[in-house]
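A short write-up of the structure that comes next.
Naming follows writing order (A, B, C and D), and every chain is counted from residue 1.
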Amino acid sequence: MTQMLIEAKGLARHYRISRHRILHALDGVDLGVARGATLGLVGESGSGKSTLGRTLVGLQKPSLGQVLFEGKDTAAPEPSFMARLRRERQIIFQDPSGALNPRMTIGATVVEHLRVQGWSRADAQSQAAAAIEQAGLATTFLSRYPHEISGGQRQRAVIARAISTDPAFIVADEPVSALDVSIRAQIMNLLHQLQRERGLTMLFISHDLSVVAHMCSDVAVMHLGRIVERAPRAALFKTPRHPYTGALLSAIPIPDPARERQRMRIILKGEVPNPANKPSGCSFHTRCPRATELCRSVDPPLRPIGTEHQIACHHPLE
Amino acid sequence: MARFLINRLIQSTVLLFGVSIVGFALMHLAPGGPLAVYTLNPTVTAQDIERIKVLFGLDQPVYVQYFKWAGGLLSGNWGYSFFGGQQVREIVLDRLPATFLLMGTSLALALVIGVAIGTLAAVKRNSVFDYATAIGAMIALSLPTFWFGLLAIFFFAQTLGWFPAGGMVSIGDSSLLDRLHHLVLPVVVLALVLVAQWSRYTRSSMIDILDQDFVRTARAKGISPSRVLVNHGLRAALVPLVALAGLQLPLLVGGALVTETVFSWPGMGLLFISVLSTRDYPVLMAILMVGAVVVVLGNLLADIVVALVDPRVKLHDE
Amino acid sequence: MTGEASTPLLKVENLLVAFGRAKAVDGISFDVAPGEMLGLVGESGCGKSTTALALMRLIRDAEIGGTAHLNGVELLGLDEAAMRARRGADIAMIFQDPGTALHPMIRVGDQIVEALTAHLNISHREARKRAIDLLRKVGIAAPEERFAVYPHEMSGGMCQRVVIAMAMACAPRLLLADEPTTALDVTVQAQILELLQGLVREEGMGVILITHDLGVVAGMTDRVAVMYAGAIVEMAATEELFARPLHPYTHGLLRSIPQLDSGWDEPVPTIPGSVQGAELQAGCRFAPRCAKASEVCRTPPALREIGENHFVSCWNTP
Amino acid sequence: MTSEAVFDIQAAAPPRRVSAFRRLLRHRLALLALIILAVLVIGSAGAPWLAPHDPEELDIANRYAPPLSEGHILGSDDLGRDVLTRLMYAGQISLSVGIAAMLVTVMVGFSVGAFAAYYGGWIGTILMRLTDIMLCFPSVFLLLFVAAFVTPSLASMALMIGLTCWMEIARIVYSQILVLKSADFIAAARMIGTPSWRIILRQILPNTLAPVLVAATLNTANAILLESYISFLGYGIQPPAASWGNMLTNAQSDFQVDPWLAVFPGLAITLAVTSFNFLGDGLRDALDPRIRDK
């Protein structure tokens, strides 16, 4: 097993929303990302993918379990390890307008990001200019305010801030969902190029499987706070073994009329279950066409069924 | 629903408890303490002050005094006026109806006119009517109520003689007509400020509501504009408006006090002023507490009305 | 099902919508045959939603030009009362965000009854019965109970079904669907699209489906019109457009969509620049981003028919 | 000839950045308000040089002179003192009490709101509950209650008014900071270990100044009204010092003889308060980032 850059061990996160109702945002997640790899994380709203991303990068504390960075627990790091963690782990948010201080210019935002982590003023300014250019923005943008530039340009500024400290691990939390199709492609290419050039380890979170397919060599599917399937891209898209992954793939409309029209569709019945009252046993059984009594009572653990292919299902697809 | 009510009642009692503590602290913090009027009066000797202290139980530890005072407040024994020794409860409570009559009529009048103006201004946004009412409301808000009252008396009462210059009844004539005749000027003066506030509140919340998606959906259904405005617009605007009514109560009570002094309207406000110069503590404190209780009950009522009108509020019930 | 009926259900000619100097919709023309679903596709800000709102005459303070004949009746010329009689009866609309499209304080059933009684003079009891049938028709289980439920007690998918039921209440001839599934999870989107397709076929309605998702267009529509900065740049039968995109923008748009199962790890072809400031641009608005731009593009290109029923507005097409 | 060269329109053009101040001036009513306030401030601050007469100069011979009479543009009062001069000197007091009270409300309100919102926990709840309690007391009652026991002076008036009107700003600051705290850019700053003081100073403060500034302006208007009322009742500024409020007190008794004496002080108060209110509205639009560069 190659050395994992970042690992989640039995990670859980609960919120008490009323006297006897607890929301299980994360419900026991085991996940590792090897150095230099990109892992896609897909799932519908309420699956906990954002919570997992924010916990891995240290933005949120888990209720249970550990986050390991280079094998070391990040819960109570001593100062030098803490400083490295802050520099090495960065995040790109979904909504670019909420991720930038409206009263600071783009340049000031990146310089502030560096100054706080010990860069001198001069180094910070040159590093900021370099990062902005790396993100595909002209240096004239350093003096612009967020409301003066487009959504795509704002997202580039957020990326510039994230890569300015030359991090090893980046969580991209739905980085392109708020953008239009033509701009989305530009940002995806930028992230892809940065990932390859700098050997970044990246967790790419999205509800759009085709975007994830393009960016990530490895993909994990989440449902109600749990990872239900994980596999290399080719295996997951060609031969999905978990019924939920199968349903997700068949639900995505393909921009090709001929193929789209005669596809055999799996249309799930019922609504996306509410994470506040999780169904018993396998959380997908309420909508799963293959659900049996076993599924309703026993919660299937995540187990390997092939070299790098894991699923959590009693009756996997053939 | 019951749980919501109990919950809200507990909150109100805690609030009242807090109000009584602040009130009690105020009484004792005021320079010279509660016996200021005696200590400042040269003819009163030191022993007399000691005797009065014991008489009023001021020598006991603070918390004992507080509980005695608060207990008295609840049980109706509000102590005796320093001047004339009359039961404070009688003095204050027999002035209450006059204040409520003034406040009630002004509020009712202002609600109807203010909401109508505000709704019209929102519907006819940026029209001449909208600008005129906005500027008019702003000026009305800025008018010192007592000055406006003075001018009203001078103009309508003394010069034109249409209305009595003050008081609630003419001697020997207890007919309703006479009572109304006295009510006109004070209500107009107090209501002017309230109409201004209500038209501004209604306009801004109506503008927010009319831009909402569900109003557009209603119009897309082909419903008549008046039905859209009333059944959809006003109904949704009710919630913020009722909440604002609760917040506006302290201003209403304050405004009534000012109007009463100008029109010598025999309500709590006039009593407060006439007693203020003599520093008659028990009466002053009683009026302050009654004023605060009216506000707390007003807010409670507002919350209950909101809970009745807005189905989403009952959500916290389970 | 692309019945090339002689008289089109809807005929739009030179529709113009201008907010001051900026022309959100700059003179577009298209037809919709009875029972046909026309896709209106484009990125945000291209004017596709504005077009629908203009046809429903739901846009305030904007200058509207051109004509729109629905079954021979010119919608844009009707006075407000006559238009209101048609809104919901002949032409209906469903919106993007189900969470805000329904009135939060009115039961869902009553909101459907309102759509019925607005046009049909039937008794309340009869309207209530029809509303329950409509709820059943849009796939809501136990419609009698769900009739009395409030929108916040329903999931996004269920709310959208209610919005669809409301729009179908008076069996309109033309349905405008503005991004009906954009706000929904992909599995719920599949359910709603399947429902829409069934209803449209059953009722034989004409539909304008507005979306930015080319996969949805490929799966649902008979014909597609691609919009850019307020103008239709290309219009053709769906298979024809996806097979032989002629306009550089359509071509670029189709190529810049990440494929689910191909083109992994390769950079996604992009369209350089952004749409900002395009509507103030003389001549062809796509010119600043177009690789084939030349001097001739300074004069605005007209929509010309090249090939059977395939329209393009570009000077440099083959 | 690549397309960029022929039609390059966006990247190069620097944005047309309209400063908040110039946007404020475009708000006609706010402009009018600024002019009126300038006149009032110059009139009262510059009273020693600009005033036609000495404020204490008696002219018993032609007292109760009507406005526009010779020597007394706005007339003279019961002791023959020039009304315009007294108005200018009174302006010094009324305006300074108003502004000083506003400063007190901003300081107290801001610290309560900011501390409660940023540090939260039980301290935060207590502070906000205290705010709710204080809001229950009608501020006029409370103010009068305190004023009756304090020897009135400029400073004590400003302090009293300030200490009974800070709650509104506390609530505005509290809700604004709560919203900011959940914003992603604050999370990003916290994640890289930015110390709290730096987050407050560089990230939170700049984003709360606008709503506070608007509330402060509206608060000044309210403070002037309160001062004039307290002085009118005799618990505020004591004669011989003059404030617009206590000028009305004597004017009330001389109503029959010379009603004009009551008109001008009230008009001055209304002008000042309306101007501050219009200025507050103008500032709200000018500082609102959503409609910045229209």
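Simple rule for what comes next: a residue touches a chain if its C-beta (ideal position, glycine included) is under 8 Å from a C-beta of that chain, and two chains touch if they have at least 3 such contacts.
None of these values were measured; they are calculated from a predicted model.
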{"item": "Starting at subunit A, fewest touch steps before arriving at subunit C", "value": "1"}
{"item": "Maximum centroid distance from subunit A, chain identifier (CA atoms)", "value": "B"}
{"item": "Centre distance in Å when subunit B and subunit C are each reduced to the mean of their C-alpha atoms", "value": "53"}
{"item": "Length of the line joining the C-alpha centres of subunit A and subunit D, rounded to whole Å", "value": "49"}
{"item": "Interface hub residues of subunit C, defined as touching at least two other chains", "value": "274, 276"}
{"item": "Subunit A partner contacts - residues on subunit D that touch it in the complex", "value": "11-12, 14-15, 17, 183-185, 187-194, 198, 202-203, 206-207, 289, 292-293"}
{"item": "Residues of subunit A defined as touching subunit C within the complex", "value": "44-45, 150, 152-153, 180-186, 188-189, 192-193, 207, 209-211, 213-214, 217, 233, 237-238, 247-258, 260-261, 265, 267-268, 271-272, 274, 287"}
{"item": "Residues of subunit C touching subunit A in the complex", "value": "43-44, 155, 157-158, 185-191, 193-194, 212-219, 238-239, 242, 252-254, 256-261, 263-265, 267-271, 274-276"}
{"item": "Parts of subunit A lying in touch with subunit D, wherever the complex brings them together", "value": "57-59, 82-83, 86-87, 89, 91, 93, 95, 98-104, 109, 112-113, 116-117, 138, 140, 144, 147-148, 161, 165"}
{"item": "Subunit B residues within the subunit C interface of the complex", "value": "212-214, 216-225, 231-232, 235-236, 239, 309-312, 315"}
